[in-house]
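Chains here go by letter, A, B and C, matching the order in which they are written, and residues are numbered from 1 within each.
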Amino acid sequence: MTDVQRSGAIGRPVGAEKPPGLLYNLFVRNITAKLAASPMVMIVLVVFIGCTLWSVWFSFTDSRSLPNGDFVGWAQYERLFAARRWRISATNLLTFGIFSLVFTMVIGFLLAVLMDQKIRFEDGFRTIFLYPFALSGIVTGLVWQWIMNPTLGLQSTMRGLGWTNFTFDWITNTDMVIYALLIAGTWHGTGFVMVLMLAGLRSIDGEIWKAARVDGIPTWRTYLQIVLPMMRGVIVTTLVIVGSGIVRTYDLVVALTNGGPGLSSEVPAKYVINYMFNAGNLGQALAASTVMLAVVFVILIPWIIIEFGPKKTH
Amino acid sequence: MTNISMVDEPSGPRPKRSFSPSRIIIYGIIFVAALYYLLPLYVMITTSIKGLPEIRLGNIFAPPLEVTFEPWVKAWTSACTGLTCNGLAPGFWNSVKITLPSTIVSVFIAAVSGYALVNWRFKGSEFFFTCLLLGSFIPYQVMLYPMVMITAQLKIFGTLWAVILVHTVFGMPILTLLFRNYFASLPQELFKAARVDGAGFWRIFFQIMVPMSLPIFAVAIILQVTGIWNDFLFGVVFAGTQNYPMTVQLNNIVNSAQGVREYNVNMAATILTAAVPLIVYFVSGKWFVRGIAAGAVKG
Amino acid sequence: MQSSVSIKDVSLDFGAVKVLRNLNLEVGQGEFIVLLGPSGCGKSTLLNCIAGLLDVTSGQIHIGGKNVTWAEPKDRGIGMVFQSYALYPQMTVERNLSFGLRVAGMPKEEINKRVKRAAEILQLEPFLERKPANLSGGQRQRVAIGRALVRDVDVFLFDEPLSNLDAKLRSDLRVEIKRLHQRLKNTMIYVTHDQIEALTLADRIAIMKNGEIQQLSDPHTIYNSPVNLYVAGFIGSPSMNFLQGTLNGTTFTAEDGTIIPVGTYKFATPPTGSTKAVLGVRPEHIVMNDEARRMPFSTEVEIEIVEPMGSDTLAWTNIAGHPVTFRADSDVILTVGQKLIVGFDPARGSIFNAETTNRV
C-alpha cells in the first residue's frame, strides 16, 4: 500500500494524523466565525423556522386565550372560512391586493419612464415621489382619513368651490371604502416601485438605445418591446416584494378606517390580531395567519423557480 | 457662392424645440403626479396651523387665515393618548429609546453575520442565509404569538427590551443581505493579505472591513431608523402601555378621541410623528434610494 | 466623383472641452476608411456624429449628396455595428434582423427577402431561431452586421466591432469583414484603436489625435511616409526607432556626435541652415553585416537584449547613444554581447523637425 493510499486521500501529507472528526469540524474549526454568526443561526432556527412551525401546529388545536394542546384537526379552518368576517377580509385583500399591485407597478413604471427622459430637477421630483414611502402606515392612513373626511375634507372643499354635486364619501361607503384604501396605499407605495424601475431602466446598455435609434424604432416602442422584456428580473423581484408586503397590510387599515364602516374594510392581518389578542381565540388567529402564510408561499414559488431554477445562459 | 447655400442649409446642432409636444406632455404628467403626492403634505401642514373655527369652514385647500401653533403645543404636551393626557412627548422618547438600541444591535449583528458569511464560510452558512431571506417574506402575524411567549418567558414582555429584541430579529434578513452583498463585492485580496499577516476574525472586521464599508453602514442605519420608527404592530403588542412608541400614541390620539375631534391637533401630531423619518429621508436623499435598491437586488 | 460621405468643418464641444476640431473628410463611394487613434482622440465621437446620434456644434455632414446634419439616424442611409453588438436580447436572430423593417411597415415578402440575403451572406441560416444568449461572440457580431445589412444602405459604420473578441476570433472576423467589403462594395467607415485592423482593412486611414486628423492616406503611405512624429510613433509594431540630433544640409549629426549622411533622403523642401531634427528608422529597415556595409550609413554595435518572437528575432542595441531595435530572420543566431555591423538607408527612414514634429 502506498503512502498516498495509507493517508486516505490525495494531497494530504504523508504521515499526517487522523483526519479531524465530525465533532472537531463542527465545534472547533472556524469557531470564531461560527460564534459570530450564531445569532443569525439562532434567529433562523428559533424564530423563522421554530415560531412558524409552532403557529402552524397550534392552528390545529382548540386554543382560546392561551395555547392548549387539544387537537381538533381542520375545525379551526372550517370555522374560519365559514366566518363572514374572514370571508370579507379575504375578498377585501384580494380586491385591494390585485388593484394595488397593478396600479403601483404600472404607475411606478410610468413615472420611472418619465423620469428617464432627462428632465430637469430630476432629483427634486424623485424626492417628491418617494417621500411617502418614508412615512409609516399610520401616518399615511391618518392623513388620507382627514382628506377623505366627507364633512370637512375634499368633498366639502370641492362643494364649497362650486362643484355642488361633487361626492367623495368613499370612506363611509361600505362598497367603496376598499378603493379609498387603494388611493392611500398607492400613494404610499409607488415611489418604491419607481425607484426600482428607474434603476432597472438605467442598467440597460446605452448601445441598445443607439441601435434602436439607428434602426428607426420610435421611443415608445423601444420601451415596450425591447426595454421592458429586458427588465424581467427587476420586475419580478419588485412584484414579489410589493406583493408580499400587501398581504401584510395592517397599519394602513387600522389608521384609515379601523376595518369600518362596520366590517367592510377588514383585512386578514387585522383578523389575526383581533382574534389573537382581543377576542381570545388563538386557534382561529393561528389558522388565519397560516392561510396568510400559504398565500405568500404561492406568490413566492414562481419567483423561486425563476431565480433558482434551471439555469439559463445569460 | 458656397456661403449663401451653406447658410440656408442645415448646419451645426439640430434645432432643439424645448416646447415640443412630447416635452409638454412629459412635464405635464409629472407636474400632475407631483400634485397628487404633495397634496397630503400640504393639507397636513396647513390644517395643523389653523384654528378649529377655520377648519370647520370645510376647505382643506385654503391656506390659513390666521396661523397658530397652539395645536402643535397641544399635540406635544396635552393630547389624550388613551387614559393619560400627556401629549406625544412620552411617545417620542419611547420611540427614541426603542429605535436607537434596536438599530445599533441589529446593524452590528447583521454586519458581523454578513462578514462571516462571505469571508469565513462554513458548512450550512449558505443554507441558513437562504432561510433568513425566505423568512423575511413570512407575515409577522405567523410568528407573533410565539414571540410573545418567548419574551414572556424571558420576563421582558411589556417592556422596551421586548420591542428591541423583536426589531432586531426581524431586521436581520434585509440587513444581513445588504452587508453580505457589499462584502462580497469587496476584493478578496485585501482579506487574504490580512490573513497572511496573521490577523484574526475580529481584528480584520474592525480594522479593515468596517472602515471600508461606512457607506453601507449609513444605508443600513437609515433603513432601520425609518423602519423601526414607523412601526406600529410590534410597538402595540410588545412594549406595554407605558412604553408605547409615537405611532401607537398617534393612532390613539386620532382614532380613540372622545367628544370634540380636534383636527388641527391630529394633524400636528401626525406631522410630529412623521418628522424624524422625513428628516432622515430628506437629509440622506441618495443613500435612502441606495438602501431600497439594495434590498431588491437579491442573489 | 461625388463623395459618399462628406464632413465639412465639423466641430463638437462638450461644454468647454473641444472634442472635435474643425474636421474635414471626404469619403469616396465604396471606400473603406478607418478612423484610428488612442482612446479619447475623438474617433468614436466623429462616428456618432456621422450616424446622427450626436449633434455637432458646428459644420455639416453630407451623406450620398444630401445634407443630413439635422436628419435622424434612420433617415441618413446608414447602418451601424456596435462594440457590444447591442442585439435585442429577448428576440431571436431573425427578429433582430427584421424588427426595424417591421416597424417601418415594410411588406412581409420584402422583409423576408432581405433577411434571407443577409443570412446567406453572413452564414447565419443555422441560427435564425436562436436568441443572442445562445450565440458565440463571433456569431453575435455577424448578426449585428446583418442588422445593418438588411437596411439596404450605402454606408456602414463600425464602432470598434472587434474589441470585445479574443485575439483568434478577432483575426477571423477581420478577414470576414474584408471579404464582405469586397463582395458588397459599400462605403465603410470603421473606428478602431488597433493598428493591425487599420492597416489590413483600410483603403485609407485617418489617424486622429485630440479631435484632429493627423494624416489621411493609404496604409502604405502612412507606414512609410508618416507625416509627423505622432503618426510615426503610433503606427508600426515594434515602433520606429528615433534618433535625436541636428540636421545640416544633407548631414544628420546625432546628439552624441555620430554623423549620418542623409543625402539619399527625399526631402519635401530642401532644408536650409541647421535645424534640430529627429531621424526615424523602422526596425525592419536596419540590416546586418554585408548588407549593412553597402548602406549609406553603417556602424558597429553590441547586442544588449535578444527577443525571439517566433517568426523573426528582435534585437536591442545602441546606435549613436540611442536605444535601437532591429529585426533579424529567426534562423540568424544572435547572442547578447555579440558585436556586429548594422546599417540602414536613410531614404527608407523619416526625418522630422524636432520643434514642429512635422516631416521634413
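Following the convention adopted for this analysis, a contact is a pair of C-beta atoms (placed from the backbone, for glycine too) under 8 Å apart; a residue touches a chain by one contact, two chains touch by 3 or more.
Small disclaimer: the values here were computed from a predicted structure and weren't measured.
Q: Identify the chain pair with more contacting C-beta pairs: A-B or A-C.
A: By the number of C-beta pairs in contact, the winner is A-B.
Q: Just grab the chain with the largest centre-to-centre distance to chain A, centres being mean Cα coordinates.
A: For chain A, the chain whose C-alpha mean is farthest off is C.
Q: For chain A versus chain C, what separation do you get between their C-alpha means, in angstrom?
A: Taking the average C-alpha coordinate of chain A and of chain C, the gap between them is 56 Å.
Q: Taking each chain's centre as the mean of its CA atoms, how far is chain A from chain B in angstrom?
A: Roughly 16 Å separates the two chain centres.
Q: Flag every residue of chain A that touches chain C in the complex, lowest number first.
A: Against chain C, the touching part of chain A is residues 205, 207-208, 210-218, 221, 225-226, 229-230, 312-314.
Q: For chain C, which residues count as touching chain A in their complex?
A: 48, 51, 53, 72-74, 78-80, 82-84, 86-90, 99-100, 103-104, 133-134, 147, 151
Q: List the residues on chain C that touch chain B in their complex, please.
A: For chain C paired with chain B, touching residues are 55-60, 67, 69-70.
Q: Touching residues of chain B toward chain C in the complex: what are they?
A: Residues 6, 9-15.
Q: Mind listing the chain A positions that touch chain B in their complex?
A: The contact residues of chain A facing chain B are 25, 29-30, 32-34, 36-37, 39-41, 43-44, 46-52, 54-56, 67, 110-111, 114-115, 117, 119, 123, 125-140, 142-147, 149, 151-154, 156-157, 160-161, 187, 191-192, 195-196, 199, 234, 237-238, 240-241, 244, 247-248, 250-251, 254-255, 258, 269, 272-273, 276-277, 282, 285-286, 288-290, 292-293, 296, 300, 307-308.
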